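Same chain, two partners: subunit A is paired with subunit B first, then with subunit C.
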Partner chain A sequence: MKKIWIAFLLIGTLFMTPILADAAAKPGFDDKEIRIAQWGPQTGPAAPWGSVARGSGLLFNVVNEQGGIHGRKIKYFIRDDQYNPAQTKAVVKELVEREGVFAFVGGVGGACGLAVMDYLSENKIIWVGPSAAITQFVFPVKPYLFAVYPLYEDEGSILAKYVVEKLQAKKIAFFYQNDAYGKDGLEGAKKRLARYNIKFVEELSVEPGEKDLSSQMLKFKNSGADVVIMFVNPTAAVIALKTCATIGYKPQWVSSNTLSDYGLMFKITGGLWEGVITGAFGMTPTADHPLMNMYREAGKKYTPEERWGTFYLAGIVFADPLVEALKRVGPKLSTEACLKALNSIKGHQTIGPKVTWTPEIHQGTDSIQIQKCGPGGSHILLQDWTANDMAIWKKK
Partner chain B sequence: MFEMLLIEGLAIGACYGLFGVAVAIIYKTSDVVNFAQGEMGMLATFVAYHIMTAYGWPFYIALPATLLFAILLGMAIEICILRPAKEPTVLGLLILTLGAEMLLMGLAGWKWGAEQKDFPFLLSVSDTVQIFPGFALNSWTIGVFVLTAVIMVLLFLFFRYSKLGIAMRATQQNENAAKIMGIKVERVFSITWGMSSLIGALAAMFFAARSVLDPNFMMEPFMRAFAAAVLGGLTSIPGVVIGGLILGIIENFFGYAWPEWKPIVAFVVIILIITVRPSGLFSKHYVKKV
Partner chain C sequence: MDMKRDYYEDIELFKSGTVLVWTIVLLLFLFTLPLYLPSYNIYLMNIILVNVILAVGLNILVGYTGQISLGHAGFFAVGAYGTSIIMMHLHVPFLPAIIIAALIAAFLGFIIGLPALRLEGPYLAIATLGFGLTIMHIIGRWEVFGGRMGITAPPLDLGIPNSSWSFVIKGDVQIYYLILIIAILLVIGARNLMKTRVGRAFMSIRDDDIAAEVMGVNLTIFKTMSFAVSAFYAGIAGGLYGFVVTFFDPFSFNLILSIIFLVMVVVGGLGSVLGAIMGAILITYLQYDLLKNVENLPYIGGVLVAISKQWFTVIGLANFAGIALGIIMIAIVIFEPLGMFGIWIRIKKYWKTWPF
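Let's turn to the complex of A and B:
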């Protein structure tokens, strides 16, 4: 028995030694490169969101083409976690302990992020722009985690304000996914409506896998709602719109940014998405803006096979503040110096919302744009960057 | 509002029932619940999608080609995955169908990716047809009612009067006796799987037209259809369809009155019914003799 234990110990030591040596030898950067990584579903059910990680890759390609940051090129790693938190843990551990990454950017999936949040914090790894609006990421503040994604509660509030003031809706209903995403949106919208002394004529939930939404849509129809705000997943949105076409109900749909990939939504609804209004965390993909034009050209050069869509661009939005911080740090790079630079970012804006971080608040923004799906899945800008004047966290 | 809830409930219920029939046919002959049924339908629907979008062929060509594919797929799974199992128990076969499910899902994900797609179906949910003044139905709903009725009649005639149908029933009742009587039970199993796959593919295409097409799109409908089949009685084809209709109606009416209970109410009713009638509403309770 003793011999077996000794054999196990020996084998274990053999495996551990190179990992520890690797980690010790790789503080995340050297004179020539900075190692940055992202996990994201490249295969599996959430693979359409995998373009976020590839979008960040485009930004790093542009940075490297421009000579890198203070002489250092960015070495970028993408790992497929298949939207499975257990896999996320495995790939993040591998990236930290074997590849020795300096920082993470993006990272699709609330549950996936929560699975590695503490691990990254314990290992003092910077993580910028999680691709999910999870309040636990930022409240209470985590020293190494910096969020860009607008909170769903803020978005719900801004959309409700738009519906009341701009659309002049008389009867408003709310359709939400029965989880934190949907409930946060509902909460924000309710608080906003309370200010106008208005109540939703109907609030209905949907379970993520539900395939028959007839009763919900008939209830909305019966309520006489002229606007329905929805915080649901793409499949539920498609079924909702198709069911409404069946029962002859045509409200103005207003949705969260999660359904702002008009190219995809227009296609999978067979054109029913035209006219839907959504929040957006990035400029319209066709915006005539110097930075957007530059990224569009870079996209044609580096990744001509990619669809120039909302989530691909999100990869740039989430990763960009880290690039800005690394530029501010200068040649003497360290995790502490980078943290200091991130904490001093104020009103930084490229193709996403303005981002501001302080040592006390790591939620970077409360702003969204409001866009509308036009013919063929095109984006029409309805309202430029709008902040949530009711965001409680800003007053903390 | 009442008529709309009823029609919508019956329409989705008929779809559950139709898919439940596909599950029941295999169960009737081999006592196995095929957990790959949803994914077999999903793969066939993807084939139809591919024929229409990649080759640009019209639906009326894609449909027979897909149905042929579905039959071959069903037979192939039976021959290549289930048949090689040596002295299999029902549980063993059930695990094999779970393996087949994962295999088919992986295959679809690899070939067509996970991004949702719009399935260009012949019958649309937004084209309404005036049945009589003041009463209109969409073509999808009409289609699902007609198809379910036709399949039920055909299956009734098939199991009652055709040699093959009788052979299938005989195989289910006593496999060894059927063998002695000269029935080639292995062939019966293959044909059963082919038939079940064909009906499942038809139902899956209806589901896809109502929602989106992706490798996971049949997971939830399969669960509901299976529940409908259990409710009606897995060995009774009309029972399965009626089970589906009941499920659809319960979900819609309860969902309308108490939306937050919608996802579970049907299952609560099923548990209650199964407690009273373990074989389902329309199935005879068999006790196997040792």
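Let's turn to the complex of A and C:
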């Protein structure tokens, strides 16, 4: 019997040792470093979007190479949550309570973000640039949460305007995913069309995970729409385009920015993506802009294995305003000082849209670019940054 | 080893004084855990305990009755959504709400149990799989359930909400105690159930359902009952899960989750309550914590990152977590068919017969 006692005692001590080692949570920064973190699906069904988190890493590498921010280097953590809200919460808690994180940037996934939104604000952790346009993130305003991603309603409105005025489309149809993402886009586009006294010739929805879209595509074909605007996920878009190719229907497709990774879309549609017009939250990856050129060089240097695509760049777009705010704060860093700096950012622009935050409005932008997929999945700029003159939230 | 001389020895909760003492020590340890465990680990503990409840329930079905289910994420979802929606719309306290939700899950389990009377093996797997996926889609399409955007769980109120009898539980530590108590009760319940006539009927169905029927076991009743009991456990686990994560969407309850649940039971050891508990702990830990922060380890971290970047995809260490999880599962199934419970038996034997 004694042996069992000894065994339990050993197991007990094993349990205790690592636990007592780290008791108190660290503050988010010290004299040498500022700890910033991001979650993102590196494995699992949404893994292609994981490049957002790695893209922010490139920006921080560049910042550190330039000597950091007022003598502090940025220490950056990426955690894989497999696009699962329960895991997001686990990694966020681990980062906040064990590593001591000053701020979060980006963060793919609406559900993942909503799972940790309250936790982050209760713990007074700044969160800049969630990588999803969720209205609950910004309305009503959350003191610690600052959004960069343009709202789908604004995007729907801008795209509809472009379709009517520039493409001179006579018959327009709308194809949307049956959730907040698709419905917000539809809402914005409808409001815009009402201004021209036009109605969609067809509005059809798709459930996420639906694999047979032939009935929807036939309806679009029969409606004779020459332009179809779509707010769907990549899988649905691929199936839609392939179905249309088989039934011989070739409308001009216009899509939201969630499908603006042309390199990826071109590949998985087998080239059908060429000619599709989409919104975009960042400059074209090949743009000749001094900052873009610098990031491109840095990318070649630090992460030569990464594909230089839209979502990788999105990581830079979403994280950049935080770096700007930290620079403005100066050497005397604190969460309050950083909040003040973030709230005073006005018209700040690098390779994304112009970002403006006030203490009352934390939705940073209503602007998108409009781009077109060229041969081989290249990006062609059609229309530079365009704001939504019908954005309701700005009039509040 | 583990030889029983009479019936009462078999149904004893504690086999000996030593076991009793150590059980008390373990319980004391569990109840004082929040004192020395950092709070983010308490969150992990909560997830583990939820999975323990589910795995113990699933084990009744898979391990003891010999049926298979690939749809337990569905019952889990019914529990999570049911509890939150009953509390939000009917303003019912937590305990009745979770029990109603679990009973709904149990009823659905009973319904799924009916085809199980005729289906076996892979066919049953497909039937239950269909159920799990259907639940996910029904919830996603129905606005009452918050649609695809998911819902936020209401405050966990043990008393009557919005009145002077309100007693709201907040924070991981308080929820931990609630789940711990429920988990202990349900584990004891499962263990005792297996020592009754019902439990023996389950096991006889597993070993040979024709022989069981000949001996007078009513297959219709006991097979559906096994499904119902198992679904009840999943419902309770789901109800608690909702409050642990506080936000969930239909996609959280996907097919992968059902498979992970099954993995817990198989890796832990079929047909053993202790095995199910160990399996739930191991798999949850591997999934949630393993290699999540290896990158910052001295020496090894850098080497692993370099290897990963050289030979795997750009995502780095996340590769290793997946591979390690897979290898551990395969290794346990190959080298220890009884699962972790088999390892436990051998350790016990080693200590009892030491130094031989």
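Simple rule for what comes next: the second predicted complex is superposed on the first by the 371 of 396 C-alpha atoms of A that agree within 3 Å, B and C clash if a C-alpha of one lies under 4 Å from a C-alpha of the other, contacts with A are read in each partner's own complex, and residues count from 1 in each chain.
Just so it is clear, a contact is a pair of C-beta atoms (placed from the backbone, for glycine too) under 8 Å apart; a residue touches a chain by one contact, two chains touch by 3 or more.
Here the structure is a predicted model, which is why all the values come from computation and not from measurement.
Asker: Would you sort A:Val238 into first (subunit B), second (subunit C), both or neither based on which partner it touches?
Answerer: First partner only.
Asker: Could you say whether A:Asp179 touches subunit B, subunit C, both of them, or neither, answering first, second, both or neither?
Answerer: Second partner only, subunit C.
Asker: Once chain A of both complexes is superposed, is A:Asn222 in touch with subunit B (first), subunit C (second), both, or neither?
Answerer: first
Asker: Touching A:Gly209 in the superposition: subunit B (first), subunit C (second), both, neither?
Answerer: both
Asker: In the overlay, answer first, second, both or neither for which of subunit B and subunit C A:Ser334 touches.
Answerer: neither
Asker: Between subunit B (first) and subunit C (second), which, if any, makes contact with A:Asn293: first, second, both or neither?
Answerer: It touches nothing on subunit B or subunit C.
Asker: In the superposed model, which partner reaches more residues of subunit A, subunit B or subunit C?
Answerer: Comparing subunit B with subunit C, the partner touching more subunit A residues is C.
Asker: Touch check for A:Arg79: first (subunit B), second (subunit C), both, or neither?
Answerer: After superposition on chain A, A:Arg79 lies in contact with subunit C alone.
Asker: Just subunit B (first), just subunit C (second), both, or neither: which does A:Gly270 touch?
Answerer: In the superposition, A:Gly270 contacts subunit B only.
Asker: For A:Glu306, select first, second, both or neither according to whether it touches subunit B, subunit C, the two together, or no partner.
Answerer: In the superposition, A:Glu306 contacts subunit C only.
Asker: Of the residues on subunit A, which ones does subunit B touch that subunit C also touches?
Answerer: 43, 47, 207, 209
Asker: Please output the residues of subunit A touching subunit C within their complex, sorted ascending.
Answerer: Contacts found on subunit A: 1, 3-5, 7-8, 12, 15-16, 19-20, 22-23, 25, 42-43, 47, 50-51, 54, 77, 79-80, 84-87, 89-91, 93-94, 96-99, 110-111, 114-115, 118, 178-180, 207-209, 303, 305-306.
Asker: Can you name the residues of subunit B that touch subunit A in the complex?
Answerer: Contact set of subunit B toward subunit A: 1, 4-5, 8-9, 12, 109, 113-118, 120, 125-126, 128, 138, 140-141, 207, 210-212, 214-217, 219-221, 224, 248, 251-256, 259-260, 262-263.
Asker: Going by the contact rule set out above, which residues of subunit C touch subunit A in the complex?
Answerer: 18, 22, 25, 29, 36-41, 43-44, 47, 137, 140-141, 147-150, 152, 241, 244-249, 251-252, 287-289, 292-293, 309, 314-316, 318-319, 321-322, 347, 351-352, 354
Asker: Can you list the residues on subunit A that touch subunit B in the complex?
Answerer: Residues 41, 43-48, 204-205, 207, 209-212, 214-216, 218-219, 222, 234-235, 238-239, 242-243, 245-248, 264, 267-270, 272 of subunit A touch subunit B in their complex.
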